[in-house]
Amino acid sequence: SGPADTGSGSNDGGGGDLTEVKLQLQWLPQGQFAGYFAALDQGYFEEEGLDVEIIPSGGDIVPQDALANGDVDYAIAWVPKVLGSIEAGANVTNIAQIFQRSGTLQVSWADSGIESVADFEGKKIGSWGFGNEWEIFAAMAAEGLDSSTVEIITQDFNMNAFLQGDIDAAQAMTYNEYAQLLETTNPDTGELYTEDDFNVISYEDTVGAMLQDAIWADTEKLESDEEYQETTVSFLKAVVKGWAYAAENPEEASEITIAEGSGWGPSHELWMVNETNKLIWPAENGIGIIDEAAFDQTVKGALSAVNEAGAALITEEPPAGVWTNEYIQKALDELEEEGIDTTGADFSPITVTLEEGGN
Amino acid sequence: MALTLSGKTRSDATTETTLRIVAPVVVGVVVLGVWQFLVSVVGVSDYLLPSPAAIAEQFVEFFPSMMAATAITGLNALLGLVLGSILGILLAALAAGWRPIDHMSAPVVASLAVIPIVALAPVLNSMFGADSQFGRQAIAGLASFVPVFINTLRGFRQTLPVHRDLMKVYAASSAQIVRTVTLPTAVPFVFTGIRIASSLAVISALVAEYFGGPRGGLGGLISTSAASSAYPRAWAYVVASIVLGLVFFLVSLALERLATRGRQRA
Amino acid sequence: MTQLPEPQSAPTRSDAVTVKAVDKTFDTRSGQVQALSSIDLTVSAGEFVSLIGPSGCGKSTLMRLIADLDQPTTGSVTVFGKTASQARLDQDYGIAFQQAGLLPWRTVAANVGLPLELHGASTRDRTARIEELLDMVGLSDFSDRYPDQLSGGMQQRVAIARSLAEKPDLLLMDEPFGALDEMTRERMQTELLRICAETGAAVVFVTHSIPEAVYLSDRVVVMSPRPGRIQEIVPMALTRDPDHAEALREERAFFDGVTAVREALHTGSPVPTGARGVENR
Amino acid sequence: MTAENLAPAIRRRRGAPTRELARWGYGVLGVLVIAAVWELYKFLGPADGVVIGDARVLPRTTDLAMPHTWDMVARLFDPVTRSATANPLWLEVALAALVTLGIAAVGWLVGIVVGFALALVMQRWRLAEWGLLPWIILSQTVPLIAFAPIVRSWGSRIEIGAFEWQDWMSVAVIASYLAFFPIAVGALKGLQSPDTIHTELMRTYGVGWWKTLIKLRIPASVPYLLPALRLGAANAVVGAVVAEVSTGMQGGIGRVLIQYAGQASGDPAKAWGPIFGSIVLGLAAAGSVAILGAILRNYRRVEINA
Amino acid sequence: MTQLPEPQSAPTRSDAVTVKAVDKTFDTRSGQVQALSSIDLTVSAGEFVSLIGPSGCGKSTLMRLIADLDQPTTGSVTVFGKTASQARLDQDYGIAFQQAGLLPWRTVAANVGLPLELHGASTRDRTARIEELLDMVGLSDFSDRYPDQLSGGMQQRVAIARSLAEKPDLLLMDEPFGALDEMTRERMQTELLRICAETGAAVVFVTHSIPEAVYLSDRVVVMSPRPGRIQEIVPMALTRDPDHAEALREERAFFDGVTAVREALHTGSPVPTGARGVENR
C-alpha cells in the first residue's frame, strides 16, 4: 500500500503542542531500526503527540551514555553493553525489550569442523569489538574456555577477513553480515555463496545468549517526572505500532529505511527488515515485555565474561529497577484496547532472495 | 613577569632552561588541578571525561595490560616508521636523481598525504590479511612515508652550489659526490622528516586498530573500554598512547639533534 | 682605451693559463646574457694576476671557465698547455671561493684532507700533508674543530689550505676574503703572499677591492661591465719583500697603484666622477 | 632559493608553459604507472600474496582484495544500488564530498582562529610559548576518536536562543582539532620570523607591539602561514572524515566510506569510489589554499623552506 | 696612546650625542662579556663621526646604545640633550644597518613611507615626502618596484631614504655599505656626503673600511678590541667640496688620513706588522 499517511494528515495546527523527543540509535539508519523509522514515517509518533528526532550513531557514540548524559530521551542499545555502563554509573532503565532473541551468529566454513563454541579453542575468532564481543566470552566461559584460549580478531565493516581465511569463525548478525556472505560470489563457482557453504552457530542456542536491542530511558526522570512517564508510554505505543507495521509491510518498511539514508541495496535491506522481524515476532507476552529469566541469563553471562585484557563486563549484580515492564505493559494494554495485535501470533516471515552485492 | 622576559634580551641562560621545563609542567599541573577541582568540588559530571585521579587509578590498576598494549602498538608504529622512512628515503633519492620520477611521484605523494586512515584501513586489511599486524604497520608506514619523503627530497636539493663546484673541481665520481656531499647535507633534513613522522606513525598505528585486525593494542582497548562506558580506563589507555607518542617524538628529536650536532644553519 | 701589451714572462716555464678569444653567453628565462666578450689573457707560471671590475662584469665566469666549471661559448682555455678539462682531471689547480665552502660535518683536518681522500692518498700520507698544510696556515691547534667553531677568517684559511693540498701550480681564488673584515683581510693577504712565495704557484685572484688587488698582484686585470671585456691590464711595480710586506701598504708606490687601478676602472664604468647627476634624476 | 636560481645545473631552457604542461603530463603518467603496477602485480602475483614467515609482505591478488582498476573506474558510473531512483556512484560520492568539504571548511576556519590566537599569545609572551608549545605538540598524539562522544555530548548542551547544536558542528569541532595544530606552529614561526633588524627598526620608530604586529609580524608570517594553512586544510578534511565515522554523521563522505566498505564483500569495486572521492576532496581543499597564495603573492617575495 | 681632546664644535647648536663614562656588559651562557669600557664621546650637531675597529670591539653596541636599542650598564647617553629613550620616541634620529632591512612585501615607496605611516602622517604629506626622498636618492623611477627587483646598492639607497624620512638631525649608520662592492660603495659614499650636506644632519657611522672612514668623516673614532675602548680619535683634515668629492680619494691628504687611521688601529690591535708569527703558530 506504499508509504501510507494515516497520521501525517492529522498534523493540523497541533504541531506546536507536540512533545519533542530524541531517540538515539546504536548504529547508522538501517532495517535493524525499521520499526522506529516506520513509526516516524507513518505518523504514529505525531498521533501520540510526539515530535521525534531519530539520531543515528557511529563507531564511537555509546547510545546509553548519550542518554545518561541527558543528550537524548531514549536510546536503543544491547543489554550487556548497558549493564557495563550502569556499573560505570549510568542511571538508565530498560523499558522495552524489543528484540526477544539474540541475532548474533558465529559463522565458519562448512568444512572447518567448528560446530559449537567448544570448537573455538585455538582458533581465530572474529568480533567487531565495541562491546559486541561479550556473548562470545560468556558462551566460551560456559564451555570452560577463557579469552586467552582463542585469538580474537577485530572484524571491520565487511566479511572479507572471513572470506579470505584470516579468521576461522566470524561474528555475524543474522540480519546483516550473514546476508553479506550470501550476496558474495564464490570465486570457485561463479555463483553466490549459499547457506550450505557455512556452519552457523547461533548464540541464541547457547547459554551465552544475551538480550539485544532494548529501549532505555532515564531512570531518574522515570521516577520523578510525570510528564516523562506519560511521554514514555506514548512513545512506546508509537514504537510498537511501527514494528507492527514493519511486520506486516516489510517491503514498505525497507523502502522507508532506504529513504532515511540506509545505503544498503534493496534486497539486503529487505532481508534485514525480515530477519529483524524474526527476532521480535512472535512475542508471546507482547512485544517489548522483558522476560525476567532471559534478563537474568544475560546478567549471569555478563558476570562470567572476562575479555582478553582481563577486564570483566560487570563484577556485581545490577541494581534493582534496571528494568521495568510498567510502561510497556501500559502501552500494550492501551493498544489492545485499540484492537491492535501486540503479540504477532500470526506473524510469518517472508522469503527474501539476496542479489549480488545486496542489490 | 612574562612581560619583562619577552621584551628584553636578558639572556640568563639557566633561568631560561629552568623555565622551559617548569612552565609546561606548571601549565599541566594547573590544568589537571582545575579539572580535578571541577569534578570533585564543583561537581561537574565526570562521566564522559573522568577526573585525573580516576584515570590515574585505572592506569595503575591496569598497568600490566597497559604495557602489553603499548608494546603491541609501539612495535607496529616502529616497524611502520622504519619501513616508511626507508621507502621515503629511497624514493626521494630516486626523485632527486631523476626529475621525471619527482614529477611522477608528486600526485601520488600528495594523495597519500590527504587520505584518511578510515578509508585505507579496510582495504589494507583485505589486501594483507586481517589476522596479521601488517595492515597497521603498512598504515603507519604510509603515514611516515610522506613527511620523510618530502623532507629528504628537500634535503637532497640543499647541496650548496659551492660544494657541488668543489666536487667537480676534485673530479669526484658520482658515488664520491653522493657519499661526501649529497648525503651528509641531506641527513638533517631526513631526521627532521623522521621526527615529524614519529608522532604520525603512533597515532596512525593506533587508529588503524579501530578498523579491524588482531586485538590487544592500545586503539582496540580504548574503544572497547569506551564502548562499555569504562571511561576512566579508556582515558588511561589514551594517556598510555600519549606517552608512547611522546617517547617516539623525543627519541626522534634526540636523533635529529645528534644528526645536526655541530652544524651551523644557513 | 685599448689593452696594454702583456709583459713577457720568464720563458723557462710554460704559461699557467692561456685564454684565447673567449666569449660566454648564458641562456636565461628572459633571453640570452652575454657575460664575457672576446677575452684574451695569459697568466705566466708563478705570476699573481687579479681580476677586478664592477659586479656582474664576468670575473667569476672567467674564473669558472679556467676551472672547467663551465665551458666557453667560443674560444679556448688552456691550462699548463692542456685543455681546462684535462687540467681539472689532473688536479693541476687548487681553488677557493668567497664562501669558504667547508663541509660542516667534517673537522678542520678532514676538510683539508678531502681532496687527498677523494684521490685515494694513503692515510699516512694524508695525515702528514694535513699537518704540513695546517701548519702553513697556522691552524695546527684547531685540526679537530668543526668549521662552525671557527671565525670567518680561520675558515677561509682552512679553505686555502685545502686548495693547496695537492701542491697545485695554479691557485684560483674567487673573492676569498670578501666576507672578512678589513683587518683580518689584511692579515690574510699578507699570509697569502707568503704562501705563494713558498709554493711558487701562479694565482688568478678575483676581488672587488682595489687596495687588495694592488697589494697582491703582479698584474691587475681591470674588466668593464656587460658584456664583460678586459678594459685594461695594469702592471704593478711594487717590490715584494716578504719581511716587509705590511709596510708596503703605506708606500707611495702602493697609493700610485691604487690610483692607477681606480682610474682604469672609472674609464670603463658608466658612472665616473661628474656623471652622478645623470643617474640621480 | 636564490642559490638555486643561480645554480647553472638547475637552469632550464624550455619556456614556462611547456614546463607546466610537462609537469602535468608526468603527474598523469605517475598515476598511470601506479595503475599499471597494480594490474601487473595482480596478474603475476600469487592469489594469496607473498608470505614470508608470518608476514604477508605483498598483498593478495584476488578480486576481493585487489579489484581491477578498470572495474573501480567503471563502478563509478554505475548506479549505487539497483533501486530505480539511485544516482550513479560518482555523483553520490561527489555530493557527499561537498557536504564534507563544507564542514571541513568550517573546521578549518575554527582551526585558523584558534591556531592564530595561540600563536599570538605565544609570540607575545615567551613564557606562554614555553608553557603551551609542548602541550600543543602533545595534543596531536591524542587519538581524536577519543573525543567524539565528549564533543557531541557537550555540544548538545549548547542551546542559545534559536541556535541549536547540530551534528555537523561536532564534526567541525573535531576537524578543527587537527587543523589548528599546523596553523599554530606555522603562525608562531611566521610571527617570530622577522629579523632582529626589522623588529629593532620598529623599535626605533617608537611603535608598540600591536603596530609591530600589524605592520611587520603578520605580513612577514605569510610565507610560513600558507604552507601551514595548506596542511591545516588537508588535516581538516581528514579530521572531518574520521569524525563523521566516529559520530555517525549522515550525508558526508565518511558515512559513504564505511557504508560502502561494509558492502565490499559483495561489491569490492564500490568501496574504492569514496576512497578516490576523499583523495580528490583532500587535494581540492589543499589546492584551494593555492588561490590564497596567489592573492597574497606580494607577501611571498621571500620564500622559505617550511 | 691617550684620547685626544675633542675639538669644540660650533656653540650655536647643542651637541647631537653625548656619551659619558659608558660601560656595557652582556650576560651570556659562558659568563659576562664586557663589550664597552669607559667610553666618552661627543658628536656635535652636523658632525660626521666614524667608528672603526676590529670585529667585536663594540662599535655596533655603542651605536645601539645611542639608538636606545640597548641600555648602558653604567654611564649615560644623551641625544640632543634628552635621554636616548626620549630621543627615540621623539624620532630624533634615523637609522640604517648593514642589511638594507627593507620589508620585502612593500614597494620602494611604501618602504620609504613606513615611518611616516606609523606616525600617522596624512596620505598627501606622505606621498609628497616620499617623492622628495626618492628624488634625493635618485630612485624616483623605481617607486613601484619591490625590493627584490633592486640591486644591493639601490636597496641600500632606499634604506637611507627611509632613515631620512622624518628629517632627523642625527643619522646612525651601522656598516650601511658593508655588503656592497667597492665601486658601488664609492658611489654611495659620495652620495651620502651630498645628502648630509643637504640636510645638515650629524652622522655616527660604523665601518670596517679605513678609506671609507677617512673619506667620509670629520673625525674617526678608532676602537680597540675587548673590552671595547676608544683607542684614539683621529681628526680628518680633508677639505670637503661636494663638487670634487671623488677627486679627494686620490689626494695626498686622503692617503695620509688612511695611514694615520691604520697606525692608530694597529697600535691597539694585538696583531701588528711583525707579530704574525704569534697567531700562526
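Structure notes:
To keep things simple, chains are lettered A, B, C, D and E as they appear, and every chain counts its residues starting from 1.
By definition in this document, a residue touches a chain if its C-beta (ideal position, glycine included) is under 8 Å from a C-beta of that chain, and two chains touch if they have at least 3 such contacts.
In this text the structure is predicted, and so the values were computed from the model without any measurement.
Ranked by number of C-beta pairs in contact, the top chain pair is B-D. The chain with its C-alpha centre at the largest distance from the centre of chain C is A.
Using the average of C-alpha coordinates as each chain's centre, A ends up farthest from chain E. One finds 32 Å separating the Cα centroids of chain C and chain E.
Mean C-alpha position of chain B lies 50 Å from that of chain E.
Once the centre of each chain is set as its mean CA position, chain C and chain D turn out to be 52 Å apart. One simple way to say how far apart two chains are is to compare their mean CA positions; for chain B and chain D this gives 17 Å. Counting partner chains per residue, chain E shows two or more touched chains at no residue at all. Counting partner chains per residue, chain B shows two or more touched chains at residues 48, 122, 126, 129, 132, 160, 210, 223, 226.
For chain A, the set of residues touching two or more other chains reads 59-60, 62, 65, 69, 156-158, 160, 164.
Residues 1-3, 5-6, 19-20, 23-24, 26-28, 48-49, 100, 103-108, 110-111, 113-120, 122-123, 126-129, 132, 134, 154, 157, 160-161, 164, 199, 202-203, 206-207, 210, 219, 222-223, 226, 234-235, 238, 241-242, 244-246, 249 of chain B are the ones touching chain D in the complex. Residues of chain B touching chain C in their complex: 160, 162-163, 165-166, 168-172, 176, 180-181, 184, 187, 262-264. Interface residues of chain D, counted against chain B in their complex, comprise 3-4, 6-7, 9, 22-23, 26-31, 33-34, 49, 54-57, 59-60, 64-66, 124-128, 130-135, 137-138, 140-143, 145-146, 149-150, 153, 234, 237-238, 241-242, 245, 254, 257-258, 261, 264, 271-272, 274-275, 278-279, 281-283, 285-286, 305. Looking at the complex, you find that chain D touches chain A at residues 60, 62-65, 80-83, 145-146, 148-149, 152-153, 156-157, 167, 244-251, 255-256, 258-267, 270-271. Within the complex, the chain C residues that touch chain E are 54-55, 135, 137-138, 140, 181-184, 187, 190-191, 208-211, 246-247, 249-250, 255, 259, 262, 265, 269, 271-273, 276, 279-281.
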